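Below you'll find the structures, each written out as structure tokens.
Two complexes, one shared chain (subunit A), two partners (subunit B, subunit C).
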Partner chain A sequence: MKTISLYVDKKTYLTGLHPFTKLFYVIAAITAPLIAGKLSGFFLMIGISLILLISGGLLRKALPLVVFTFTILLTIFLIQGLFYQNNVTPLLSLGQLVFYREGLLYAARIGLNILNMLFSFALFVLSTDPFIFVEELERAGLPKKAGYIIVSVFQIIPQMAAAKNTITDAQRSRGLETEGRLLTRARAFIPLLSPVVTSALINTRERSAALEIRGFEAKTRKTFLSERSFSRSDRLGFFLMLLLLSVAVLWRNFQ
Partner chain B sequence: MKKIFYTRFNVAIIALIPTCIGINFLGKLLASALRLPLWLDSIGTCISAFLGGPIIGAICGAASNLIYGFTTGDNISLIYALTSMGIGIAVGIMSRLGFMETFLKMLLTACVAGLAAVVISTPLNVIFWGGTTGNVWGDALFAASQAAGMPVFLGSFLDELVVDVPDKLLTLIIVFIIIKGLPKKLTSLYTADDEIKSLD
Partner chain C sequence: MTCLTFRNLKYRYPHQEKLALDSLSFTIKKGEFVGLIGANGAGKSTLCGAVMGLVPHFYKGAYGGKILLGGEDEDDAIEVAKTPIAELCRSVGLVFQNPFNQLSGARITVYEEIAFGLQNTGIVREEIRRRIEAVMELLDIVSLRDRNPFDLSGGQMQRVALASVLVMEPEILVLDEPTSQLDPAAGEEVFRAVETLKASGITIIMAEQKMEKLAAYCDRIILLHQGKIVDFDTPDQIFSRDDLSDYGICPPLSYLVAKKGAEKLDIYGWKPHSSRDSQDSRAAQDSRAARDSWFPAEIFAVRNLSFSYVPELPVLTDLCLDLDNRTTAIVGQNGAGKTTLVKLLKGLLSPVSGSIWYRKEDISGKTVAMLARDIGYVFQNPDDQIFKYHVLDEVMFGPLHIGMEEQLAKTRALEALETVGLTGLEEVNPYDLELHERKMVAVASVLAMDTAVLILDEPTIAQDYRGRETLKRLIRQLEGEGKAVLSILHDMDFVYDCFERVIVLAAGKVMGDAGGEVIFHNKELLKQAGLEQPTAVKLRNLRIK
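Presenting the complex of A and B:
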């Protein structure tokens, strides 16, 4: 089945871990450098995420996720390096433009924080099957209606993207221009979007009838097909991340 | 008095939310396919807010950012779940107050939604990005304002304003066209002020 998920089923130790362990890693990886409050903390954490990604064979999939933020990071470095409010010490100058130390440091802090978040997230997203994640959330007490919403989004989006391609081809063959000046492109937006949206909305009526006759509003508790439990490596993972967080707290206080 | 926050969690609403999240995603996809300088990723949020009320709009907005962030690894959009919630609530309240009936009233709704988005996004931009938004036009304005020595908050506010208000105007014009074309047998599933009448 086609989904929008980026999950790669590689059967490594990373995919075998419980989703909550990996979720806790994301939280720990994002908060630890912020607690420690040092630039080197970000480097260390990015390094750990990279090692984990390489060991799980996911690095090649993770890089495209990071590359697309490079233009945004570049604008941040330009704008903050040139115009940051507390700029005092000039660092280097290119013709008329002077880059300041304070602004570049501030930009480095923002940029590293974003990169750190991206890498730790990539680890979670690439190694976790969203369906298993939702199942575990439901087992932990997420309402089943919320679980249905999440799972069905994964099925609806590829359907709608396919419908969008069909409509685009149909409208183009009728002579709709989808390239050219900004105004031309903007004008193409409504004839491309509204048929897909209207038909999708009309389909919800049928979907809700179908759900209702299958007992969607039954009040009984759901049962699960597969059993999954915290393994020893999950417990080890949790222990290591608690260790990491406490090291971060110590690092902040003893310097 | 109309019930502004009245929300039903029946099957029809539950089936509507994933569709609207899909519409958000599709708008974003089309905007980048046509290389438009706007986001147009809240069309579904506005439709769900119109049909289901402010609370459904908020759920739909937050869920679409969360799901998008968790599946594509684009964690930047996770934070903006708050903005999407604000847009959903603003459009929901305005449409329950009757500000989606005519084209002119709808334009007012669009301005309210745009302002809600600006007010919520500006602090997030300043905290996470140092003030930039990632949109070319807005960031050029931000750079100019910083060069002129304006405070970061004001610059970021303007940056967000020039992008968000036109974005929400176009979004709500599209929403208006779509909802006026929806069949009555669909919209009647979601009306909040219906009453049961007996024959005798």
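Presenting the complex of A and C:
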């Protein structure tokens, strides 16, 4: 059983960083251009994220995300370029359609914002083991139960997939045709649904007994298996990001 | 020193009329090893759950009387029903009957899974590490350290479940059939480990079907029947009772011999299945002749079969095997690849390389559903197989899908249920049944399909004496009807009794393939494959010496 996490343990300096450092990067990267208030700020930030992604060997995994958001970006440009309420200056026209400068600028701002968020998030998600992240959250005071729920969320899809495979095996081994043409497979999908849900519910119940007898509800402070402290690079990272934020503030005020 | 006291304990599950535990009163001393025996449904698992506090904290229902941990004096004892499980779990540990249910689901490696309880109870890190290393060593699962606990074989999972509780070093250890899916060597290892724990002052309560082992290791045994204690005494006293069969218990062979005398039991004359002179062995000869003249073999031919779930871990390598009509047992260590092999035969998995032929046809060209008319397979874990809400629907599913008429399917299903002793439970939801009953539902649901080949994956799990006898009868009956029965087993007595041919699998290779008499006298082979001699063979050898 695998998790749905996109994380790949590439053992680069990025995966080695503390999850909180990378989380802080996400925050800094999103806020800095907003503070600075300049379009070029977004370009700069996206550039930094790209360089980091490349240096961590993660660009290839990040690209599908970009492709995925591309359609959204396109609609934003279309709608805002054509219908933005403050549109006054026509920029170019395609037959009947007239695109306005204000709308396109506004769209660019939103689009760049989205891209910027996307790249910084990608950096975090692709280089951080969700289980380690949750552990760090728990160390920082997140209740055990909340941690368990987050971890379970990462396992819902693989668990459902496993349940689906198990039940499919049970059904086809007793003669229900589940292989072959699309129609056959589609037809086999319906008798699957209710058992998959039921088995998930039953498992949850059994699971909670298993958790209780292993002290899940104990009031004691949990022991963590690993010691993960902020390294020199983490501190450097934090320093650089604070610097970045200060530069953004200065940039905004000096013009 | 008293460690555990039951005072007139009564318990009834919600929406039930009968008491599951009825007026239990007894005490257990610190450092005692107490066995718990009784037929299926006697209340063993409920009693185990009661010590852990799952009854009544988790299962609710009507509860009366008391269980006290620690002294007999109520002032300094802990009362189970009044203490939260989170507290109880520091002094009591429970290993579930079904290991799959013991996994936390919150950890993705075996190592972290074992650590889970220790982390929750706040044991210091160095101590956690030390204990895990020790327990992994003890249960021989060091090599599984980084594996996902959900991707293990049944026996490996049971070892992990055991480890996850042992590692918490409870003062009272409650084990509910902890060796049911373990290979014989590992089962013996668990009993020895428990003995060591006992020596260090830990109190042990173990429900178990293996009477031989209980007789050898326990201090005292509780005989439970319909929720009541019939007797609580030393193994000698318990197993010398004349009325054991009334309670669904078959005493260890050694006690029977001592009582009735070896001659009367005709122990010297006992032969394993293969040399029994019956019509079945004639059929076997026929099939052997067939094998020599035909290729591929009559039922299954496996050629250069290799398989792995993940490329790094080969499970089967270059396996060649012919299977015919003889009743065949597959035995071997946990994780040897037994389940994997039969799933390949059934078509549920596809070979990485090599081929499998069924009646001279390569099965790679057929879907599992097409093979279902011919090959029936009962899963190791019944929960993996059951998906309907009524027993009868479950059992009729197979017959209906291989094209039987509704009426015929129903008749077959009812017959199958009768064969496995489940008549009267047709309308029950299988999820409400006990493990042993669900296992039988799984058997019936395949039996009703009336296939030429029947593959059973550890059918004896959770079965008491009566259940095992039912299965033996079933296997003999199928054999008589000319069907091919192939079964994976860890119960060597059962194998010796019922199977003509024994295939020993170890690390994905066939290490032995012969009749029971030959296999079970090859000590070297038995040792390598984690097996043991059947009790009858052991006793016979003892007498001959």
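Convention: the second predicted complex is superposed on the first by the 219 of 255 C-alpha atoms of A that agree within 3 Å, B and C clash if a C-alpha of one lies under 4 Å from a C-alpha of the other, contacts with A are read in each partner's own complex, and residues count from 1 in each chain.
Here is the rule we go by: contacts are C-beta pairs under 8 Å (C-beta built on N, C-alpha and C of every residue); 3 or more make two chains touch, one makes a residue touch a chain.
Note that the coordinates shown come from a computational prediction; the quantities given were computed from them, not determined experimentally.
**Q** Considering only touches as defined above, state whether A:225 meets subunit B (first), subunit C (second), both or neither.
**A** After superposing on A, A:225 lies in contact with subunit C but is clear of subunit B.
**Q** By residue count, is subunit A touched more by subunit B or by subunit C?
**A** B
**Q** Should A:152 be classified as contacting the first partner (subunit B), the second (subunit C), both, or neither?
**A** both
**Q** Is A:216 in contact with subunit B, with subunit C, with both, or with neither (first, second, both, neither)?
**A** both
**Q** Is A:178 in contact with subunit B, with subunit C, with both, or with neither (first, second, both, neither)?
**A** both
**Q** In the superposed arrangement, does A:94 touch subunit B (first), subunit C (second), both or neither?
**A** After superposition on chain A, A:94 lies in contact with neither partner.
**Q** First (subunit B), second (subunit C), both or neither: which does A:200 touch?
**A** The answer is first: A:200 touches subunit B but not subunit C.
**Q** Would you check which partner chain A:140 touches, where first means subunit B only, second means subunit C only, and both and neither mean what they say?
**A** Neither partner.
**Q** Just subunit B (first), just subunit C (second), both, or neither: which does A:67 touch?
**A** In the superposed model, A:67 contacts neither subunit B nor subunit C.
**Q** If I apply the document's touch criterion, which positions on subunit A are contacted by subunit B in one structure and by subunit C in the other?
**A** Shared contact residues on subunit A (touching subunit B in one complex, subunit C in the other): 148, 152, 159, 178, 198, 202-203, 207-208, 211-212, 216-217.
**Q** Sort out for me which residues of subunit A touch subunit C in the complex.
**A** Residues in contact with subunit C: 1, 3, 131, 144, 148, 151-152, 155, 159, 162, 166-167, 169-180, 195, 198-199, 202-203, 206-225, 227.
**Q** Looking at the complex, which residues from subunit C come into contact with subunit A?
**A** Per the touch definition, subunit C meets subunit A at residues 52, 54, 57-58, 84-87, 89-90, 93-94, 96, 101-106, 108, 112, 115-125, 128-129, 148, 150-151, 164-165, 168, 346, 348, 367-370, 372-373, 377, 379, 383-389, 397-398, 400-403, 431, 445-446, 449.
**Q** For a test of understanding, state which residues of subunit A touch subunit B in their complex under the given definition.
**A** It is residues 4-6, 62, 65, 69, 72, 75-76, 78-80, 82-85, 106-107, 110, 113-114, 117-118, 121-122, 124-126, 130, 145, 148-150, 152-154, 156-157, 159-161, 164, 178, 182, 185-186, 188-190, 192-194, 196-198, 200-205, 207-208, 211-212, 216-217 of subunit A that touch subunit B.
**Q** Across the complex, what residues on subunit B touch subunit A?
**A** By the definition above, subunit B touches subunit A via 9-12, 14-19, 21-23, 25-27, 29-31, 34-37, 40, 43, 47, 63-64, 67, 69-76, 128-132, 134, 139, 142-143, 146-147, 151-152, 170, 174, 177-178, 181-183, 185-186, 189.
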